[in-house]
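Next up: some structures, all given as structure tokens.
The same subunit A turns up in both complexes below, where it pairs with subunit B and then with subunit C.
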Partner chain A sequence: MNHGPLIFLAAFFALAGSWSGFVLAPQLQVGQLQQTNTLGGGATYPQARSGLAQQGLQVYRANGCATCHSQQLRQSGTLCDVVLTDAGTNQPALIAALLTLKCGTVPTEAEQRAVIPANTNLPAAIQTWSEADAKQMLARLPQPVRQGMTKEQADAAAKTLTAAGAKAQIWIVPVGPDLARGWGRRRTVAEDFLFDNPVMPGSQRIGPDLANVGARLPDVSWHLRHLYAPRLTEPASTMPPYRFLFEQRKLGPAASPDALALPAPWAPPPDYGIIPKPEATALAAYLASLRAEAPLFVAPLTLPVASAAPAKPPAP
Partner chain B sequence: MSNAQPSQPVPAVVNLEVDSSCRFPLLFMFLCAACWLVIGSAFALISSIKFHSPSFLADSPWLTYGRVRPAYLNCLLYGFGLQTGLGVALWLLARLGRTPLAQPWLVVVGTLLWNAGVKLGIFGILSGDSTGFEGLEMPGYAAWIIMLGYLVIGLSGVLTFHQRRERPLFVSQWLILAALFWFPWIYATAELLLVAFPVRGAAQVAICGYYQASLGMTWLPLAGLAAIFYFIPRLTRAELHSRYLALFAFWVLILFGGWTGIANSAPLPAWMPALSTVATMLMAVPLVAVALNVHRTLAGKWSMVAANPPLQFIVVGSIAFLLAGLMKIACVAIDTTCPVGLTWLTPAQAQLNAYGFFALVMFGAVYTILPQVTRVEFPSTRLVRAHFRLALLGLLLTVAPLAMAGIVEARRLPDPGIAFMAVVKSTLPFLRASTMGDLLLALGHVLFLVNIAGWALRFYRPRVAAAYAAATADLSALEAKS
Partner chain C sequence: MNPDATPSPSLLSDAAEPHARPTPAPVWLFVLLFLILYGGMIYFDSHGGSFNPQVYAPYRSLAGLTLYQPPASGPDLARGKAVYENVCGLCHNTDGTGKPNQAPPFAGSEWVLGSLNRMIRIPLLGLSGPIKVKDQEWNLAMPNMGAALSDDDLAAVLTYIRRSWGNQASAITPEQVKAVRAELGNRNQPATVDYLNTIAP
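Moving on, here comes the complex of A and B:
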């Protein structure tokens, strides 16, 4: 057989296939992304990080933080919450509707988790909801009536409420183990990295995911203390201390405002202070700037109104 | 194309010519590669010990985990893997083409460049110049030198192929030729689009995934299988069971290998992870084809394996190729229901693929090639056997604990009721156990270096001594006169 050139061409196209699939096509689709608008608010997203945070991104890169920390949240799906926003005028009908909704149907998985603490063997169908509870709810609107429903169930529930003369909204709630852990509100999408270079989504979770660490832990001084002595903020931490990002300096008569507040085993000798170097300040600013939680068309969610559902305690 | 491996007897003169042309360049390459392995093991040990005590060597920015770990992986991949792979490929091209290595000086120059580039690259990673892209951490200034080194070595390979005297091609030549062209393509793509002129935003994630898959799932299998398909028949004095199965595996590999690199959780449009999952499933096809081919070739010859240390390396490497592939497929298959993508299973699979498959096959190939090119027998069969045992045990003790840590993580992380620190804590015993594996591998690498250096010494010492004697003959004659 003498098909040398033919075979060479075939091999060339075989290899070029994956190139056009995962180099050319992503560049044409993802590489051309522009800023977009958030859902609801209409704000421009994403905003470029501050100059300090951009420097911090380079410190993150130089020290290989992405070796241990991912910045990619997964989401297994979206569910709907039905939220009562306005009681209307026909209170008896509304209370009847609320009671049907609350007690007449099987609670969803999310509701079971909320009502029954984990590791107890209470029957799942327990619904202790009375008229008094309903009245209490009407006093503090908007309030979620049902949580974790499918779109169809939510539509039906909202219809029951509107039939009673009330106004109801359907809120979109992304769900998944990562989100249940309190690591974020929605999955991470390409838009979140638009202004970052290099993009470091990481591939392992030797430490917690950082896609939203700025929303979880907005305090820059917490990050500085954590970088200096991880076990100060998290006693079992396996993160190496980054003491080389700080320097021990003799303090003058007035204490430096930059010096870290450190308790006994980590505290420097008297008259000395632990001062973050510019790299540490930049890295902490970058970490505090990590907030990938704006509602977007590609990853929709409804942000709860401040007065509504009780705020979740921030997870570490 | 011939239907089988060239089986008619080759004149001994030709083989002698081939071997002597390869001798210096290959010894040089393998020696450098073995040095990188030893250096890499040191980095691996440092990063592993950090799981026992996070503050170990933590005050030096050069030795922080996030720099040492990529430095280790780059030593393993570029310092050892690609370099040895190229060396073995050159020898196979010369041997199968029955022609001396073309322009051996090109190989020496290329190797010098390559090693200078890797040295600069590792230095760059440790000093904080990492690019931040996994598998591609070496900074841009080192990448140019590495690329140049590769092209110079590759040129010699292409020339050798071109001037072959045996016109019909054996499967290994197909694989090697594809690999020779494949690396510059993917490396240039990744370096240009990620480092030199970075594309915008998350497209970088896709391109980085493409590079990783193309290297790990295409280049390494191409070079490794070329060695497997040549050395297993040769060391068992059999013929490759089926040339067509091997070619079939080749085509599927180059068609789908590069598509397998996008993780399910990647922040990219859903079609990319979906396509990547399909491609990974399709990798089952070359796996089965290779396994069948190797199994049939070895049929009835398993007793020869135990008696032949290089063959042991290669056979175990072929088994690891199958296991690593199956592991990757299994991980991707269950990832949608039980997220395993961001756990320790990923590094465990990578280790099984890069070390268990590729490195072991390369050890076997080097141990077969060196006695040929130097015409010196094994300096010590005992040391080679010891290296095999250490490599096998070390491999088990790194891959198994990491995989178990990954399974624990995958089972516990999806439950938000378990605190993250509790999950981390439950993986620690496994990570600490893997230090033992790293230590065994490091010992094995030292033996590998000793073995290669032994060959070089045995070959060159008498010649150097003779040359010295010849050069000083006049002097001693003069002395005798006076």
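Moving on, here comes the complex of A and C:
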């Protein structure tokens, strides 16, 4: 042991360096994270969970749900849709602009968006785009005229439409394989986990991602039935049934409002009902509270439901 | 063990002993390491988001993230409502109907729906003296409630007033508020109806 102090120093700096990088720096960066405002609406995000859902987080933790379910969505890119909202009065100029833009719907394979907006009755190939198609498009507004562009291209296209006297909006569309599976609308960010203690982002996806499951499946009774008999609600599910979160009770003269509605193979004997224990109710409330889809500065997006029907301005 | 077995000659030979001699490290190794490090740094620089905690993949920089912010679509009525309920609602009532002997109504008021330049001056200067709103005479004093608000907040709340409770007038932008504020300069007397009528609509 000739170099004792040297080895000690080397080990010390190696550990101190990794501790600074993996613990100290992230703590300094997001350790003081506060609620923020959502884009546009100005609502505070995230909202604290209800007490029942808070308890459900601990049930989620105790049953090891995070072993098979992740809570982190990835996003591989962001695209822009140009949406025509108001045709204006100069229709010939607008049709000329639409023809120069070669408008049309081209959702490519690589796009992987969460929801492919319905753009019916329009030619898929932009080469066959004709004046009749342009007129058809003007009949139904708001209408996406070009999809899957970069921000610069979208700005240019919107400018062309605005120059023709029309009004165009640019919708921000996050894309990625996770979003294409319908698991969410945008990636998850640190703000989404602000009220989670502990944070359970998970590392394996034996089951689907749950970051946004409350928005996908808001029905609490669906979650209860799924926990009791996973293959009742999802025939291909590999999830084990969590029957110990429920109990079979003899029902009184009146039907219990809490009893699960179960079909034949899973149904309890007559006069009996499957009643969720408090743990099951809390877990289902927690699952229904998982929503990571608010548009934020760090993860911008345009929610189609919110802006699909902009308030009609008063007629001039 | 077989005693007749003779050890192989190589085990006896001293010449086969391995030697550890200092050898110069090859230059190509250093070149390779340098190239790997250089490539890594370039990748890190373009994907690291400048260590900014607001920049998540797939965004590469704060400028790129800012580029993809959806443009503000129209006036921010939620913000205007919040400011209104904080500042104006106490006297003018949260539904814009005003309160007798406190403040005139906003809903359907010709001062709200009319000139934008005159309307912006009222919260900035305050208002005193008689004023006729919806065929009713009011003679009260309003302090300059809007002077302390930012241009954005004042524009939002005025737009909210012009767009709520059945009012349908044009929006007021922060730029218009800023321009009026600059025009007023250091004036600190409250506005009167005679003064407001001298302002071009």
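One rule holds for everything that comes next: the second predicted complex is superposed on the first by the 264 of 316 C-alpha atoms of A that agree within 3 Å, B and C clash if a C-alpha of one lies under 4 Å from a C-alpha of the other, contacts with A are read in each partner's own complex, and residues count from 1 in each chain.
Keep this in mind: contacts are C-beta pairs under 8 Å (C-beta built on N, C-alpha and C of every residue); 3 or more make two chains touch, one makes a residue touch a chain.
Remember, it's a predicted structure, so these values are computed and weren't measured experimentally.
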(request) Please indicate which partner A:297 is in contact with in the superposed arrangement: first for subunit B, second for subunit C, both, or neither. (result) second
(message) Applying the document's definition of touch, where does A:29 land relative to subunit B and subunit C: first, second, both, or neither?
(response) both
(request) Kindly classify A:61 by the partners it touches after superposition: subunit B alone (first), subunit C alone (second), both, or neither? (result) first
(message) Output check: A:181 vs subunit B and subunit C. Expected answer is one of first, second, both, neither. What do you get?
(response) first
(message) Quick check for you: in the superposed arrangement, does A:81 touch first (subunit B), second (subunit C), both or neither?
(response) neither
(request) Considering only the touch criterion stated at the top, classify A:169 as touching first (subunit B), second (subunit C), both, or neither. (result) second
(message) If you tally the residues of subunit A touched by each partner, is the higher count for subunit B or for subunit C?
(response) B
(request) Tell me which partner A:39 touches in the superposition: subunit B (first), subunit C (second), both or neither. (result) second
(message) Tell me the contact category for A:238 with respect to subunit B and subunit C: first, second, both or neither.
(response) first
(message) Quick one: is A:189 in contact with subunit B, with subunit C, with both, or with neither? Answer first, second, both or neither.
(response) both
(message) So subunit A touches subunit B in one structure and subunit C in the other; where do those two contact lists coincide?
(response) 29-30, 74, 187, 189-190
(request) Name, in rising order, each residue of subunit A that touches subunit C in their complex. (result) 25, 29-30, 39-43, 74-78, 80, 151, 169-172, 176, 187, 189-190, 295, 297-302, 307, 310, 314
(request) Going by the contact rule at the top, pick out the subunit A residues touching subunit B in the complex. (result) 1, 7, 11, 14-15, 17-19, 21-23, 26-27, 29-33, 60-68, 70, 72-74, 118-119, 177, 180-182, 187-208, 230, 234, 236-244, 316
(message) Help me check something: in the complex, which residues belonging to subunit C touch subunit A?
(response) 51, 53-59, 65, 67-74, 76, 78-79, 82, 168
(message) With touch defined as at the start, can you tell me which subunit B residues reach subunit A in the complex?
(response) 1, 50-51, 54-56, 58-61, 64-67, 69-70, 128-134, 137, 174, 178, 181-182, 185, 189, 193-194, 198-207, 209-210, 213-214, 218, 251, 254-259, 261-269, 272, 275-276, 339, 342-344, 346-347, 409, 413-417, 420-421, 424-425, 428
